[in-house]
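Below is one structure, written out as structure tokens; the observations come after it.
Labels run A, B, C and D following the written order; every chain starts at residue 1.
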């Protein structure tokens, strides 16, 4: 059984464009993250959570984006997030960007579950209750 | 024979960090582009050039970044750009991020040479004199 | 008679924060613009419109922001835009930022109506139908 | 006696432009901060310092910018920072943007010296040795 992917719509902002008249390629990663964090909230959670043992953070270890058509000011992008894998310490998601039903970009992000202490990140095993929640989305 | 790679140093800015105290992963792509454009200038050119036939632009078709250690405010990052390939219509570069000689991230960007007319991008063969200049960097 | 001010709610994104754990001060201007552009759309218009005579643009001539309390990741900010003045060629708006009903920042932006031709901006009298629409919001 | 103002030159980046072909107005504040932080370093300090009593931070309380001419990709902006006032707990600076000797924008930022504890900002009297250093720049 597979959970339905998470979807949202997002309008392109003026400052996200560049002099070529289209969304700057770096901003796709910010939009991907926006979708990912909205998905965390849809699970009743937040990406930047604290539990008894301190703060959990999910730094990126590897990200990619492929672009097939540009996005422009005020475009309403349809965004779909799917969980690719849930490892012992890592999470991989894929985000699709569509415009009027047509794919314009596809991104992927792999993150590692970390404890942050005095600014130092240490990879840790994903807490059981978080992991269970993530796996239910696969 | 291979040309020396292009290098520069760049200090991390305050607004590039996020609440985790480190550079936001999306900003690595902006820094990569900054290096790439400085490299174009080192070739006596600009990435956003116009010739008799109109404006040339190099939209990204595929980008990646792998992160191994964080960057922090005021870090002086050592950046190295190497040309990976020069296709008929495309250019692929790789950018390494080092801190005190230690690799902290590696990125790659593939772009396509395009004419822009009325906001529409059309892939074109890289003009001969540009291509020659790029190949000399391989 | 005065029109109701335009309001919207907006959640703070992760990349909008900085290492101090709060929204970077520059991002308030991006949020102000986001509200302003949503307000333009609520008038059935877009800020970046084209008519028979070419493209209209509204570059900023003066902006300010006063900050009284910080905003943090995932805060839901209540935003209110009010039209301050509609000049012959200019528009001034004010944007209030509230969190749980408490004012946390106040910004203002003055823009000038311009034609853009070959990248050159020339201030022009606001087209009559646009001006009428703006005045109805005062 | 008055200290010489702090100056630096900075090239406009591609991602700082928007679809109007010029630098987005919000980015002037990021550039102002970049100048301010470079000035702190020129004083042998960092804006985000820690002393025996903990971390000092300088959140903005009021900022403004006036724009008279646009900035474009690869422009080399001449930036000048002058200290406007050093209060008991606050610092006000002014930054001028020039292009080929011509003023294109003027900004101002007022910040308050704060201790940060558990994410809470408390205004404090500027430490004596910092205040002395700042006053020498007036």
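Brief remarks on what is shown
Criterion: contacts are C-beta pairs under 8 Å (C-beta built on N, C-alpha and C of every residue); 3 or more make two chains touch, one makes a residue touch a chain.
Owing to the predicted nature of the structure, the values given are computational and were not obtained by experimental measurement.
Taking shared numbers over all numbers used, the chain A to chain B interface scores over half, which places it in the same class. Note: the chain lying farthest from chain C is B, by mean C-alpha position. Spacing of chain A relative to chain C, judged by their CA centroids, is 28 angstrom. We define each chain's centre as the mean of its Cα atoms; on that basis chain A and chain B are separated by 24 Å. Centre to centre, using the average C-alpha position, chain B and chain C are separated by 33 Å.
Residue positions 14-15, 19, 21-22, 26, 30, 33, 48, 72-73 of chain B are each in touch with at least two other chains. Taken together, the touching pairs cover every possible pairing of the chains.
Looking at the complex, you find that chain A touches chain D at residues 14-15, 17-19, 21-22, 24, 26, 72-73. Those residues of chain D whose C-beta lies close enough to touch chain B in the complex are 13-15, 30, 33-34, 37, 41, 46-48, 73-74.
Against chain D, the residues of chain C that register as touching in their complex are 19-22, 25-27, 29-30, 33, 48, 57, 59-68, 70, 72, 116, 119, 121.
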